[in-house]
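The following pair of complexes shares a single chain, chain A, combined with chain B in the former and chain C in the latter.
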Partner chain A sequence: MTITTSMDDMATRTRRFWLRRDVLHVVGLWALITVAGVLFSIYVPAHLMGPPASGTMREIEATMTAFSIAASPVAAVVWAVALYSLIAWRHRGDGPPETDGPALRTSRPAAAAWILISSFLCVLLLVWGLAAMGSVASAGTTGNPMVVNVTGNQWLWTFAYPQQGGVESDQLYLPVNRPVEFHVTSVDVVHSFWIVQMGIKVDANPGEITRTAVVPDKRGTFDIRCAELCGLLHAQMETSAHVVPMAQFHKWLSANGGHP
Partner chain B sequence: MVKLGAATPVADGGGLMRRLNMGTAVAGGVGFGAVGWLVAHHFLQTDVPATSNQVVIVTMICWSIGFMAGIGAFNAPLGWLMGRDLGHEDEMFLAGKDQGVSRYFRFTTDHKVVGIQYVAVTMVLLAVGGTLAMLIRTQLSHPNNGFVSPQTYNAMVGLHGIIMVLATIIAVTGPFGNFILPIMLGARDMAFPRLNALSLWLLVCAVPLLLSAAFLGGIPTGWSAYAPLADQAGPGMNGFLMAIIVFAISSAVAGANITTTVLTMRARGMTWNRTPIFAYGTVASVGLAIPALPLFMSAQILLAVDRALGGQFYVAAGGGSAWLYEHLFWLFGHPEVYVIVLPAVVALMEITPVFARKPLYNFNAAVVGLIGIVGLSLMVWAHHMYISGWAPDLNGPFMLTTELISVPTGILFFVVIGTIWRGKIWVTVPMVAVYAMLWNFIIGGVTGIYLSDVPADVALHGSMFVTAHFHYTLMGAGLTGAIGALYYWFPKMTGRMLNQKLGMVAFLIVQVGFNVVFLGMFAAGLAGQPRRVYTYPPTFATANLISTIGAYSIGIGMLLTLYVVVSGWRHGPLAPANPWGAKTLEWAVPNPIPLANFEVPPVVIADPYGYGEGDPTTRHWAEEPQPARAAPVPAVSGSSADGEGVAP
Partner chain C sequence: MEVRSTALGAAMTVIAGALVVVVTGAVLSHSSAAAPALTAKTNGTMNTAHGKLRHATLSISSYPDSMAGEHGADGGKHPDWVSYGPTTTYDLPAHALVSVTIRQYDSGERLNNPFFATVRGTVGGTMTLNGKTVSHVSPNHIGHTFTLHAAPGDQDPLFVSVPLPAVPESVKPTKGSDYPKPNVIRFSFITGGPGHYVWNCEYPCGDGYYAKFGGPMSTRGYMSGTVNVG
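Take a look at the complex of A and B:
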């Protein structure tokens, strides 16, 4: 009996809360900011990251968009309350307010809702992240990948093709749509091997071999940079990755003394 | 010679202790440093890198010992060792009683003096670090700029980074944790007043060590000082590692002191439910620093062994590993961001109820949020090493802990917006700092979620995106909170009001400039610009130009802020005891604050957030500031008041 009454009570109070004028205004503001956030999420981050040159990069850009969309309503709650309070609840005049605000100490439903929703979003992000991580990890390793040995050296990259007769080059040549695995190391300090448009990066550590893999699926010339401060000319430790058709790749190999 | 002189035991009621100050400290440091250099130089050859590092490190150790002896840090312990304890007169002298301005340049134990000294050190560090930031942005204003050489650029990036990290670590805990916190708790001083002075002067001792790097070839490794690049670096690196070692001791001493103060020095009746959230957050911060900083210190000691004694801890060819350094560094490095952010956020949480005229919303949730952050932040360090190749299989678990931390952090946002909800918002600079934090820290937090995601981090790691992200947290929340706290507590600390109108203009210029800089930097990072580069391909030109324009705007705003602070300190209207009508205990003591803070120890019967509750006639009301008198009055509190004695 008492439980029903208190439930009714709470339902009435909740209904009354949502019909308050300031609550409606905040909700409107929240909707506006959320829509703006979602539009921003769809058009801006992926656009700034540029056209992807691999499935991995496509996956990363989708993640950026999805996370931005998921974050929009949360950020909008905070910003809508903040903005509305500055407009509507602001004390005008120079001195301190004459009276205090309402002595609201806590609200169990609000706290519970906040914690539940933020935990749920957190789990969602985690599941998305693990799924994306799995699909990225399997991308380059399937189907007999071609191995390229990458060596970082203050301040240049060297690429060797052990399966193609040990061809060495300071520019990276890759056949399009062929899985490739990079075995990365360094001869001096820590570098980080980064093919920007393919969304792969792994540190080059002295004395260790680290691995990463990718399937380049777009022809063109892409940027390789060093992503770990490695001394004086770190800024200039960059070169190009050329993704070319298989025939052209073979031609390049033979011209450099290798074999397909 | 100097060291031996300084270490002579204290004579009763006077003698050496009374003659020591910052001047004798510098003389002691330079003198003993010179002795160390001469001796080391005589016995070691300087043409080999390892031995030249030995000479530099020996000199720096001698500087530190000489400086600390010269300031009088060893007087009391050595006196005690000789069987002579400090008498009441000596304690009063150490507390700075009746000494006027000179007590700011001594080994003074009064927590209010130490707090002001921390303000000064923080401002010096921010000024140097900020100037370096302006120079860095000038170099990056357009591609292939020849403003500075690559060598100078790298040196500036390293110095800027470490100076700003140290400055933001102390920016709230140092000034306000020392000056305000004990009064807020109803205490007469910190738990260990002499340790308080020790922590401050160790910090002062570390600053020249750090700045000496600028003249010894700089810190070419960035503030993270990854090995083996740090093994390879020139003698400036020794300044870095020695400064970190001394700073870590300072931080440990301060952390033990603050924790003990909060645990044991609270006024009668101040139960945990009535303890201000600022006390919780400060303890959370130093509680993280106590395990974190020693790891950084160990990393630097191993580096010193590598550099000077032929160790191979980080050198793969000798069986060492770069990953070892990375782990030690990030085991410190990730808790460290919360060491910086938590005090700033709780200062703003202390400010919010005052200017919204409402109780702090959901106090218990705020405490749980802080505890959650402290616990989780010790388990997330390897998200800085997703792409290091150290253990790819562990990326998943570290992604889990990292993303979980968004839940307790979200609770802190919930508390702040719940407090603002339907409040009577009194728009002052401290309150605007709360709003700025709500804007900046959301952006810093959301971009942190991208970086916690392994595939996204693979694309963004080491790019300008990361730089922008952590500036949004450390500057957008950390420094913004420190500035808000300064405007809020300045009337209590100096007895004078700051100019709110000009202060507001300065604050907004900084905030707008800040957002311009780092939104531009996000764009550059997403497009693939690595961080810590002295030049970049022309595709990033627009984003970098935008960042540079924003940086100059921060510079102008910061200079204006400095003007507001300095002019307010000298000529501001006299502050009443409680200008904001706040309910925490520090506003209950008069201006200037008596030496022992409270004539009668206060008894606490409620929490300090009871706005809108109880009998309205007993409420604190904000008092009007008094116009400055024509005759100069002591600008700083405490000098004329007659204290009954320092805390036992």
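Take a look at the complex of A and C:
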């Protein structure tokens, strides 16, 4: 009898809480911000990252979009409460308020819900992130990848093709749809080799070789940058990656003293 | 009244902050201003693979110290730093054949990236070293390189790199000079449309600094500079 009464009281309190004017306003604001956040997540981050030129980049953009969507309702809770508090509960008048606000009370259901939802989201993002990292790491490691040695030095990238007669270039040429493995190093300070539209970014460390791979699947000219502040002309340490049909790649190799 | 003074205080704070940013920017901009430019001399036209183009010449040098360049006869703050001279800022005409002469007075050692021992981006992929035409030199005895490049963008691409072989340390200064007889390197390249480029030395010549990449290698006005094509 006592337990039933207690549960009835809790249900009544909960119903009253959700029907409070302030709570309804905050929930409405949360819904609006969530919708705006989801729309932003779908259309903006991936768009800012540019059109992808590899499966790796498509996976990275999908991950970015999914993570942003998952974060939207959580961020919206914070922003809705903060915005509503700033506007509706702002103290007006001279001097500090004469009385303090009502004391905070512990709510076990609210705490449980918060912990459970947060934990679920964290596990989801962890599993998704690990799967995406595994997929990126394995890209280009099958199908007889072409090796390109990448050397960073202040403030240029140089590329060598050891399997094609040692051709060297200050610009990167790649055949479309052929797996490529990059062996990246530096001869001076730490640089970071970044092919923007292919989603490839790996440190170039002096005395070490770091490896990464990609399958470029879109023809065109793409951006290569140094993503590690490396000195005076760091901002000029950029060049181009040209992804061309295999026949054109062979022609380029021949013109530069190499062979297919 | 109190509200008005609060608003005035906030406005003054914003204005003061903006002033600090403007003054800081102006000071930094002034302190990093480029050295006076050396303008390539134009002298008629020449037939090239790209048709008849204007011809311009540029003559510069690389020194084992800073006493013959833009830092003055006393070498400025760092007289013992290696440097290019007479300046490190060059103005070149657009769509022209530019012939460059570099007198290289400095000693050197091995390049840490042999890529730069090969002549790249010049007419015919060659240069002359003391009158002899070469396309590649030994990477083991390089004094400096002159490597011109730019980030890809709206301007025409331009990449030129020539190695400047070292003068052996055993060679004594010539009579009446502080420097030995230089290696004379000549090469030509063709400019595209107007653009802003940078050049730097790819031989680590900042002796006394970490991995020889500090000092003159990391300070404007010594082993790097700008090229304006227009």
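Just so it is clear, the second predicted complex is superposed on the first by the 249 of 260 C-alpha atoms of A that agree within 3 Å, B and C clash if a C-alpha of one lies under 4 Å from a C-alpha of the other, contacts with A are read in each partner's own complex, and residues count from 1 in each chain.
The criterion applied here is as follows: contacts are C-beta pairs under 8 Å (C-beta built on N, C-alpha and C of every residue); 3 or more make two chains touch, one makes a residue touch a chain.
Computed from a predicted model, the values in this text were never measured in an experiment.
Chemist: Given the superposition on chain A, are chain B and chain C in a clash or a fit?
Modeler: Here the two partners, once superposed via chain A, clash with each other.
Chemist: Answer with first, second, both or neither: which of chain B and chain C does A:Leu19 touch in the superposed model?
Modeler: Neither partner.
Chemist: Which partner chains sit in contact with A:Asp170 here, chain B, chain C, both or neither? Use first/second/both/neither.
Modeler: The second partner, chain C, only.
Chemist: Touch test for A:Thr151: chain B only (first), chain C only (second), both, or neither?
Modeler: second
Chemist: Taking the superposition on A as described, I'd like to know which of chain B and chain C A:Val189 touches: first, second, both or neither.
Modeler: both
Chemist: If you tally the residues of chain A touched by each partner, is the higher count for chain B or for chain C?
Modeler: The larger set of chain A residues in touch belongs to B.
Chemist: Identify the partner contact of A:Pro97: answer first if only chain B is touched, second if only chain C is, both if each is, neither if none is.
Modeler: The first partner, chain B, only.
Chemist: Thinking of the overlay built on chain A, is A:Ala235 touched by chain B (first), by chain C (second), by both, or by neither?
Modeler: Both chain B and chain C are touched by A:Ala235.
Chemist: Answer with first, second, both or neither: which of chain B and chain C does A:Ala255 touch in the superposed model?
Modeler: neither
Chemist: Would you mind listing the overlap between the chain B footprint and the chain C footprint on chain A?
Modeler: 188-189, 206, 223, 231-233, 235-236, 238
Chemist: Note which residues of chain B are touching chain A in the complex, please.
Modeler: Checking each residue of chain B against chain A gives 150-151, 154, 157, 220-222, 226, 228-229, 232, 315-317, 321-323, 356-359, 361-365, 387-389, 392, 395-396, 399-400, 403-404, 406-407, 410-411, 413-414, 417-418, 420-427, 435, 438-439, 442, 446, 449-450, 452-456, 458-459, 461-463, 523, 526-528, 530-537, 580-581, 610-613, 616, 619, 621-622, 624.
Chemist: For the complex, give me every residue of chain A touching chain C.
Modeler: Listed in rising order, the residues are 94, 151, 153-156, 158, 160, 168, 170, 187-189, 206, 221, 223, 231-233, 235-240.
Chemist: In the complex formed with chain B, which residues of chain A make contact?
Modeler: Interface residues on chain A, with respect to chain B: 22, 45, 48-50, 56-57, 59-60, 63-64, 67-68, 71, 74-75, 77-79, 81-82, 85-86, 89-91, 95-97, 99-107, 110-111, 114-115, 118-119, 122, 125-126, 128-130, 132-133, 136-137, 184, 188-190, 192, 194, 196-197, 199-203, 205-208, 210-211, 223, 225-236, 238.
Chemist: Using the touch definition from the top, list the residues of chain C that touch chain A in their complex.
Modeler: 2, 112-113, 115, 118, 120, 147, 149-152, 157, 159, 161, 198, 200, 202, 204, 211, 213, 217-220, 224
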